[in-house]
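Two complexes, one shared chain (chain A), two partners (chain B, chain C).
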Partner chain A sequence: MDKAEILKKLNDIFINTLDNADIVLKMETTAADIEEWDSLRHIMLVVEIEKTMKTKFTSKEITKFKNVGDIVNSIEAKK
Partner chain B sequence: MTILEDIISRVEELNPIHAKKIRKNISGQNQEFLNKAENFLKDYMQFLTKHGKDLDYAIDCYLKLIDDMLYETIRFMTSKEYSNSSFQDVNTRIYDNPEVMEYHMQGLLLSQFLWIQHYKILEFFLENAPKHQDKTGNYLEVGAGHGIFLNSAIDLFSKVDSFTALDISKSSIEIAKNFVDSSKVRFVHSDILKFEEQDTFDFITMGEVLEHVENPIGLLEKLKSLLNDNGITFITTPTNAPAIDHIYLFRNAEEIREVIRKSGFQIISEIQVPSEDMTAEEAHEKGISVMYGAFLKK
Partner chain C sequence: MKSFTELCKNIGKTSSDFSKIKLAILGDSATQFLGQGIKGLGIDSKMEFEVYESDFGQIDQEIFNPSSGLFNFDPDFVLIFHDSNKLLQKFMDTPLDQRQQFGESHIQNLSKLYSTLKEKLSAKLLYFNLAEFRDGVFGNYSNKVEGSFLYQLRKINFNLMNLSSELKDLFIVDICSVCNQMGRDHFFNARLYYQASLTISLDGLPFVAQQTLDIIKALKGQIKKCLIFDLDNTLWGGVIGDDGLERIEIGNLGSGKAHSELQKWGKQLKERGIILAVCSKNDEETAKEPFLKHPEMVLKLEDFAIFVANWNNKADNIRDIQKVLNIGFDSMVFIDDNPYERNLVKESLPEVCVPDLPEDPVDYIDFLRNENLFETSSHSGNDQKRTEQYRAEAERIVYQKSFSDPGEYLSSLKMQAEIREFDNFSIPRVAQLAERSNQFNLRTIRYSEAEINSISDSQDQIGLTISLKDKYGEYGIIAIIILNKKTDHYFIDTWIMSCRVLKRGVEWFILNELSSLAKSKGIKEIRGEYIPTKKNKIVKDHYQSLGFIEKESQWILNLDKYQEFDNYISKA
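Coming up: the complex of A and B.
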């Protein structure tokens, strides 16, 4: 899976978990750009991403997620 | 700019997702809260300066605590269990490890006014503890940690001339020694389960320790043996609160009450404070943490 495909999958997960069909993710998107992306939903997002992508992040990876690109890169590095 | 606003804007730069949560926590609070927070933070700043530390150091500690909790929570959401099961293991990795314990305790200090559950539980203590001050001649705090409860108890319980503060962690004791007016306090470095004392106590406070042991009934029975027959105990413990040093998982308040009853204590009054903006019932259902506090008697 390349970056674009991962980004697309993440976009679906964000739309479902944050319950907002208008979300269009870019690599630079941060929580400041999406109102619903708060700390509680962030946890739900990471759990959902791990489940869908069949992967498990380390604590180092999780604490470095500052934007969508960080998540995409982490997933890509694992494949 | 207030110290509180200064802290939030620095957190915003380093961890914007968490800053959103703090802003939400604080937005519903009144002026009284803001005044109390500012007074607490002024004292806290003095405490930091006295030890050659600054606000950036404190925020770094706090955000490490937040990172630990984030990781533990994500694992908890999938496993539905706490990651620790052995007290001995937690003791070696955390309580006995100054590198971790120092930032962990400093982080908890700062959480006092950033997390509403910590603020409200202290308010509950401050409102209700004075009812027992006339009968209180000696006082024990178990797992005193940073010493926030101890500080309030020294103000409230005027008849006590010696307070005993016990903790298993040397790092906690060092922080508390500097944070409270320690001239009236005897500090004891010990595991509560190994603590032996001739005298019994009139009042025992134990904030957020019950979830740190393998057998909470055994711990409350130990407190009972240290409490005089008319004595009062104040305890707090959270439900569904994954953390690097939590072992015993309470899934709801009823499970806590059951442990209290089985150990032979009776509940005088209690409070539940959800960690998110929802009712306690809703939080229990969703597996979100609720802080529980209660005054107990034999």
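Coming up: the complex of A and C.
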């Protein structure tokens, strides 16, 4: 799976979890860009991503995520 | 079960006919997700939750400070969640020589929280018991060491049951069972705990919310009263009409043990007071054969209040069962292995609960046990007789058809009624009726057992039970009256009757009794009120038909002019 495909899948997860069909993710998107992406929803997003992508992040990785691109890169590196 | 994300999407989808419930959540861990889960799940049961949450770790402060946000909020329910991970922290901070008393002092603290709450609020207290886990200090040897964490944790769980049987408005939400069913690896997520102080995983939350909601629904009178079984491939394996008595699977034959287990479960429920019925596509004689002749059948014909076996469609048959039992469709559960029959019933009678049984009969019983279909909020010894009472009712209906004159029928029943003030024997049953009755209930004021208790001691109120028997058997307590004594009149705060005794003239008997009671105290007027709900239309004209006159939304009966109603009930 390449970065574009991962980004596409993440986009679906964000739309579903944040209940906002208008979300269009880019690599540089951050929590500040999406209104619904608060700290509680962030927890839900991470759990959903792990479940859907069948991967597991460590706590250290999660604290280092600065934008969507970091998440994509982390998933790609684990494949 | 919906996922947590799906529950969150539910939030806000309320409608004006939803019942509104105020819930306060006090926890020593982060509880926002729990609140959202309960809100979201409530929507599917037409409940709109308004949730108050304290900052976490503020349980004692909220309760011991009389001007806290909790008391301002004035909730219907207070949920307290002491988490077992937090409990371990507290345990480790406890000096070694005090650890043997750790569990005891936890229970004492809870008991204090309860009494402080109840001084100010009428709210019911829901309390999560503890999800169990081991701390890896003594290993299995913990079971021998009173001062170990596991020993004290389990002691708390055990003593919570004792405490809640003592404190009438304390209800335990058994999240320990939820955790056992899911497994702790799925129930608890270490990362969520250490990073966000969330002690229940997102996968676990919907199940915990469900248990909480089940209790709230039961306390609001939404309970299941009747279990309807299909027969072929449900109560036994195979088809009695095709396979014959020797080849149906029950007991030791084939997967018979799984079906026997289902029957045993039915028997337990019957003994608890759930009414059993049969609804089967069969000839009646064929359908009854296993009950009469098969040595390994657990359930017998007399365990069922109603036995319907014919070739009509099952929705129509369930309608007939409902008519005889006179209970709401929403209090019925229908168990059938056949997806076609299930869907037909679901579509025609959406209020009936129709669990989607797993395909393999060996999975039936575990699935059903975990559906928590029969949550309740009270239990009385009277419950066990219920099936007999409904069987007698079915016989009465047949008997009634042989009379053309209703008066002649009623007098032939030789009814006797007894009227008594609330006493220790009747209070559990009174509380049950007060919590459950929806239809013949003039004002639908819900009273807990504790509140009923205080009415029985009160100088300003009179609580009366009316029990009835006839030639077919005893009905037990079938009506409750609560009167508020005013200086010049009695106000009927509560008039509840069991729908099993409609059209027997019980209301005439009761009013005659109330009027002589009032007159004997020099009271000249009885007043009543009808508060409409979705379910009590049946008593809309109750007071009018009894000769009360409407005045400023109350109904007034002048006792000077009252003429006793003729009726067919003699006083026991």
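Miscellaneous remarks
Please note the rule applied: the second predicted complex is superposed on the first by the 79 of 79 C-alpha atoms of A that agree within 3 Å, B and C clash if a C-alpha of one lies under 4 Å from a C-alpha of the other, contacts with A are read in each partner's own complex, and residues count from 1 in each chain.
Convention: contacts are C-beta pairs under 8 Å (C-beta built on N, C-alpha and C of every residue); 3 or more make two chains touch, one makes a residue touch a chain.
Values in this document were obtained by computation on a predicted structure and should not be read as measured data.
In the superposed model, A:V47 lies in contact with both chain B and chain C. Looking at the shared chain after the overlay, A:T17 reaches chain C, while chain B stays out of its contact range. In the superposition on chain A, A:S59 makes contact with both chain B and chain C. Between chain B and chain C, more residues of chain A are touched by B. Shared contact residues of chain A with chain B and chain C: 39-40, 43-44, 47, 59, 62. Every residue of chain A that touches chain B in the complex is listed here, in rising order: 30-32, 37-40, 42-44, 46-47, 50-51, 57, 59, 62-63. Considering their complex, residues 16-17, 19, 39-40, 43-44, 47-48, 59, 62 of chain A touch chain C. On the side of chain C, the complex with chain A involves touching residues 4-5, 8-9, 32-33, 189, 191-192, 194-196, 198, 201-202.
Residues of chain B touching chain A in their complex: 16-18, 20-21, 24, 67-68, 70-71, 73-74, 77-78, 276, 288.
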